[in-house]
Structures are given as structure tokens and as C-alpha cells.
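This is the structure I have questions about; it appears just below.
Letters A, B and C mark the chains in the order given here, with residues in each chain numbered from 1 onward.
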Amino acid sequence: MRINPQFIDKIVKIGLNFQAFFTVGILVAIVAIIFFKGSPYLNMEFIFSSPEDMGRHGGIFSTIVGTIFLVLLSIFVATPLGVGTAIFLTEYTKESWFTKTIRFGVESLAGIPSILYGLFGFIFFVIKLRMGWSLMAGVLTITIMILPTIIRTSEEAIKSVPRNLRIVSYSLSATKWETVTKVVLPSAGPGILTGIMLSVGRAVGETAAVIFTMGSSLRLPTSLMDSGRTMAVHFYILAREGISMEKAYATALVLVLSILFINIVAYYIMNKVTSKYS
Amino acid sequence: MPKLMGTAFLLLMLLPLTFGACSSKGVQTKKRTVTVAGSTSVMPFTEKLAEHFMVDHPDFVVDVQGGGSTAGIQACMNNTVDIGMSSRQLKNEEKLLNQIIVCYDGISLVLNPRNPISDLRLKDVRDIFSGKIKNWKELGWIDRKIDAVTREEGSGTRGSFEELVMNKEEIDDGIMVQDSNGSVKEVVATDPYAIGYISLGLVDDKVKAVIIDGVGPSIDAIKLGQYKIVRPFLYVTHGELDDSGKEFIDFVLSVAGQNVLKKEGLIGAYD
Amino acid sequence: MIKKAFTKEHFVKYILIAFALSSLLFLFLIFIFILAEGIPLFHKVGLKNIIFGFKWAPTKGSFGIFPMIISSFLVTFGALIIGAPLGLSCAIYLSEYSGKKLKLFLKPALELLAGIPSVVYGFLGVIYIVPLVRNYLGGPGFSLLATSIILGVMIFPTVISISFDALMSVPKTYREGSFAMGATKWQTIYKVIVPSAKSGILASFILGMGRAIGETMAVIMVAGNALRIPTSILDPLRTLTSNIALELAYATGDHRLGLFSTGVVLLVIIMTLNYVASFAIRRKVLK
């Protein structure tokens, strides 16, 4: 006897409904747990004082600064490098062994686990180049880590700028560089920015690549050769050593809020710029 | 308007950087840095010492990292750090480093507070970690697998444990591994069927210290020589230390420094 | 005047070439370094001994990573078993059954969830999943099962997001045609829509696999890190990535080279996954 397909349809709908809510529910639960368990301990003091007694007391100020320094510096290095490379690949050359090699590098490095960046960064920067556990070693490592993403998203964004825009620009006797800066880049802006924001988010949450290169000192890093902790590293240490559950949750909350903030900023900028051009 | 916002935003982001740049210019000429890395057993105590030290010497910065004893020794040999921390004796190939005994610490076997067993023979401990005894029922408890936890290979605590307890027998490779004292303690504190070994100075009421062959790990028992699972905490240096490092070490070995350590449950270097 | 523009253009071009070269340098630096440090050990000890060796005791000369290769694959498949069906169902629900508002809200929400650091997942896994496994199923809790669950949840956003895109890009006409022939919604979904989105969905699974196999910190927290091939899903295990992280700080000499060799193996596995995935995506576009 054949089961009525309408009946199956209804069952499936309920089943999918349930599964979808279950799946999303788990993810929402994660954020909710962090939020509810962490917010009691999140206050001004927590943000502006540094860890004491291995993190049992005090706040996370030095780790916030460490995170900001690491991420900002990495972005400052990787963005011009990455966007410049993308511009070069799309606007200034034809397909050749050179461009193919770069694309191969970018493709291959996408999805490389962060521990391999940690492995490389530790042996190469910390030990062989004698930088020690330092902000500099961390920045260099994270820069390499986010470079492929920035190149890739920038390239895609630039490529998707309609040819007509460029043709019109040239027909108005603009030079190549003028075209790039005044026409192509503004139009590709949102896409490029997305890539940058994605990288920022990734760098903020990164642990394996950072703990082996920037180290885990509790001090406030004040120079490039200083070691320091990022929030993610601090959270990891607090969590696995059971030093303080409360501080761990609060740190996790700050982490999640930072990522939320970064995403919101990204969407705001993207919408602002796209609305300008649509 | 968006341009204004964008610039304002960028400036806001640059603020911490300029702050950092300014302070580093001013600070670098004044701050004296001592970098320390290594044993996760020694690390919290070094941190405590550093905290006290930096209160009296505000122009100093003492950077402390973990990584494990062997990592610290390696880092010291590479001159990646000024001082390496070790919780085990140096091996022959490491003896080229200067070693300073900072204090002594016992290694305590720990069980979950819900575990009714409170003492074991040394041989039992050896058999548990070598994989010969796999079930708690063999030791008089329920029929349940023993969740033993050990440290990673490069750990000084593990090295000392292997030397003082395992006595040439190898730790079974089916046993779980955690990479710091704190995380071993966490596992034992949350798993009723777990057993592990941690620095005595780290034992609190989250876990239960085990009496071995009739002797409980306590500072007195160690001083009297009754509890024998003891290892030195070492600071190792490569060649001559600079003045900053020397000042820190002087503090550590001073009465004030030693008192800090003793308060934390360690045994002084001179006791 | 025209001359001025030309030299500026040339100047710009050379700067961009410099940037591109620097990028290339950076990208290949890590690549070549890992290969350069990792390959020698294969020659010295033998490829078979490393990849198929059972004992990892690098200070004593054994570099067998077979148990860890198996463990890495086990947790990845475990993650897929949990993450793929649920993720796909979620994507199907969101693309076929939900309204515009939800769809609009979805993308940013997923991106946020994808951005949660893996250590947070690991932490929650230790606090909630590990005790659950231990108390209701047995074993220490630090296990293949716990790891698979955590990784599975971690790849939800990836699978949902990419599958969702794939499903949404199936032309409306397909659906309309199917309904016109009297098919029910579910029949349409599993006979028409999902098959046409097949490549994209497959790509999402493969990318999810890539993320799972490369995960380190969360795995160290919940897997137990024992060096043996697990004989049940309740046994602890150690993946290739965890091994590197656990031993990196103190490995020297051949031991260190052994970690790089492990890195090479990881590189090969992940690059293969990546190429298969991008091949699948390209097929979809060409179609």
C-alpha cells in the first residue's frame, strides 16, 4: 500500500521544522549560556583592570589591549599587501605563471589549520629569528594567516565590478590608477571590507596561532617585542586550568560581544556603501 | 557625513596604538624586562613572586609564560628567554645551563573527593599508570574503568613522576594526557573515577591528596623525609644573567621571596 | 602633462608588483618552511614508518602517527555525522519553508555564530558534554563521541550557510515545474531541488570536514589526548592537530622535525579536501 505523499509531506515538514529549530537552538543556547553566565561578572572594573593572581582576580584589560594591538597591526600590514595584490592581479596583469602561482598559494593556504601557523610562527619567528614570544611574532604570523582571505575576497569584489564602469572611466581619459582608486575600489569597497572584517573576526578568536607566537604573559604589552595575551588565549588558559569559572564566562562574553560588534560594524559599513551605489 | 564618521572611527581605532607607541617610547628607556618561561608547576609561583617583586620595583617587568619544563629549558638554551623554569632535574645534555634551586615541591597523587579510597601503595600507583591495573574494583571500589591522567612528555612534573614513581616502567599510552597541572587537577576534580598527579602546592579542596605507602603528602612529611615524591623547582640560565635578571633572582632567593613561596605551600630552598 | 601621468602610473605599477611579490613571499614562506622541515624525516625514517607506524615516541625514535591519522579522520567523520544531516535539514527548512524575514536575519546570524571562537565551544563541551557522556554512557567522558559532538556543532554554521546558498540558487522554475506536475513539496525537495544543489551541498560538507580536521584547541579540551586508536566512541583519542599543539613547545631535533612531518600530512589532507570542494563548487557554477 502506498503511503499518501501528502501525508509524508506533512510529516517531513514537522520533522524538518523540529530539526531546524533544534540545530539553531543549540547555537543560540551557546550564546545564551555565555551571556547569562558571564554578564553578572562583566562590569567596568572587569574591562579596565588587568588580571591578578593568574587571572583569579582582576579583569582583562591587558588582554583587551593585547588583542587590539595584535589585530589592528596585522590588519594594517595585511590590508595594503592583500588589496594591492588583488588590484595587481585583476587590473594590471594578464594571466601568467606569476598570477597562477599567487592564486595557487592563496587557494592552498585557505583552510590551513591555525596550529600550522602556530607551528611555523613559533619555530620561524620566535626561535629562528630570535623575536622571542612577542607582539611582533604574533603580528607577522596572523598577517600571513589572514592574507589569503583578504586577497581572495578583494579579488572577487574587484572582479565583480562591472566592466562598463571601467570602460566609461577610461573613455573619460582617466588613467588606470585613477580608475582604480576612484571607480573600481569604491565599488568593490563593501566586498573588500567584508574580507577585512572576516579576518578581524578570525584573528580575535584565534588561539593556537597566537599562544605559540605572542605568548601568554599577563603583562600589558607596550612595545612590539613584548609578549602578551589576547582575550582568546586568556580565556583558554582560564578555562582549561579551572582558575576561575566566573572570569572565564565573563571573558567569553567579551569575546562574543566583540565579534558581534565587528559583524555589526561590517554590516553597517557594507549597507551604507552599497546604498550609496545602488 | 559618512566621511566624518569614518575618520572618527579610524581615529578611535588608532587611539590604543598611539597610546602604546607613546608609552613604549617613554617606557622602553625605563622598564627593565626579565623574561621567564617553562614549567607549568613553577609558573603560578613565579607569577606570585613577580607580582610582589614588581610592587617594590615598579621599573621592572617580569614576563612569565608556561609551556612545560622542557620547553622552558629549551627556550633558555636558545636564549629566547632569560630564565627557564623547571620542575625536574636537568638531563645530562642540559647541564650546560646554570641551575638555581628556588624551592622544593612535592608531587601529590590526587583523587576525586567522591572516591572513597584515600591511600594507595606506590606499587599500585605504578601499576595504574603502566596500565596493569585498569579497573577500580581491583583496588576495592566499584567496577569502573580507572580514568588516569598524565602530563605531556615534556613536562617536568611527568619527568619527576617517572623518575620517582614509575621507576623505569613506561606510562601506558592509552592514558589521557593534559598539558598543565591546572588542567589535570580540573579533570580529577570533575571525574569521580579519575586519578592524576599534580604539584603539591596546587592541591586544594577540589581534589583529594592520596596517602602513599602510609605517608600523606604534607610539608612536614616532606621535611622529615617521610614523603619521598619531591622535586626541586629550578631556575635555569644560559651563561651570565644581566642585572635585571640578577636582581629578580636575588629577590627570589631572599627571605622575603622564600616567604612568599612558603605561604603558597612550597618548601624553601634552604629547608 | 601626459608624461607626468605616465611616470606616476609606472610608479604605481611597480609598487603593486612589490606588494604582490611580498604577498607571494609571505604565502610561500610558510608553505615552503613546513615542507622543508617536514620532508627530511620522511627520508630519514621512512614514509611507511611514519604514516603507518603505531607508536609515537619521538624521543625514543618512533614517529608512527597512524593512530593519530585514524583519530583525526574519526572525529571528522563523527563531526559530519552530526553536523551534516542536521545542518542540511536546517538549510532546507530555511530555504524552502521559511519566510523572507527569517532569511534576511539568517545570514548575519550565521556569520556571527561562525565567528564564535573554537575555544568557547571546547569550554562548553568540557562543562556540559563531557560529564553527560561520562555519566550516562560511561568512559571518562573525554572521548571520540564528545569531540564529534563539539566539532559537529562547530560546523553547523558552515554547512547551513553554504548549503543554504546552494539551495537558494536553484532556479525558481525548477520548483514551479515540479509543482505543476503535481509533486508535493517534499517530493520536489528531495527529487529536484536537493539533487540540483548537490555540488554546493557537497562542497559545504567538505568544507565542514576541513574545519573539523583542522581544529585544535577545542579538541585538546575534550578528546583526552590518549595515544591509542580508540576502540569505542567512549575512548579518548589524540588527533594530528592536538599532537602538534601538545608537543610543540618543547620538541627539539628529530622530534621537532616529526611535528613538521605531521604538519605536512595535515597539509596534504586539507589541500586535497579544498581542491575537491572547489572542484565541486566550480561544477555547480558551470552547470
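Here is the rule we go by: a contact is a pair of C-beta atoms (placed from the backbone, for glycine too) under 8 Å apart; a residue touches a chain by one contact, two chains touch by 3 or more.
Please read all numbers here as calculations on a predicted model, not as lab measurements.
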*Count the C-beta pairs in contact for A-B and for A-C, then report the pair with the higher count.*
A-C
*Please indicate which chain is farthest from chain A, where distance is taken between mean Cα coordinates of the chains.*
B
*Could you put a whole-Å number on the gap between the CA centroids of chain A and chain B?*
33
*How far is the middle of chain A from the middle of chain C, if each middle is the mean of its Cα atoms, in Å?*
16
_Two or more partner chains touched - positions in chain A_ = 240
*Where chain B touches two or more other chains, by residue*: 178, 186
_Per-residue multi-chain contacts in chain C, two or more chains_ = 126, 220, 249
*asked:* For the complex, give me every residue of chain C touching chain A.
replied: 5, 8-9, 12-13, 15-17, 19-20, 22-24, 26-31, 33-34, 37, 85-87, 89-90, 92-94, 97, 108, 111-113, 115-124, 126, 153, 156-157, 160, 183-187, 189, 207, 210-211, 213-217, 220-221, 241, 244-245, 248-249, 256, 259-260, 263, 266-267, 270-271, 273-275, 278
*Please name which positions on chain B make contact with chain C in the complex.*
67-71, 73-74, 145, 147, 152-154, 173-179, 186-187, 190-191, 193-194
_Contact set on chain A toward chain C in their complex_ = 5-6, 8-9, 12-13, 15-17, 19-20, 22-24, 26-27, 30-31, 33-34, 80-82, 84-85, 87-89, 92, 98, 101-102, 105-120, 122-124, 143-144, 147-148, 151, 175-177, 201-202, 204-208, 212, 232, 235-236, 239-240, 248, 252, 255-256, 259-260, 262-263, 267
_Going by the contact rule set out above, which residues of chain C touch chain B in the complex?_
55-56, 59, 126, 130-131, 134, 138-142, 220, 224-228, 235-236, 238, 246-247, 249-252
*Could you please specify the touching residues of chain A with respect to chain B in the complex?*
52-54, 65, 68-69, 72-73, 126-127, 130, 132-133, 215-219, 221-224, 226-227, 237, 240-243, 272, 276
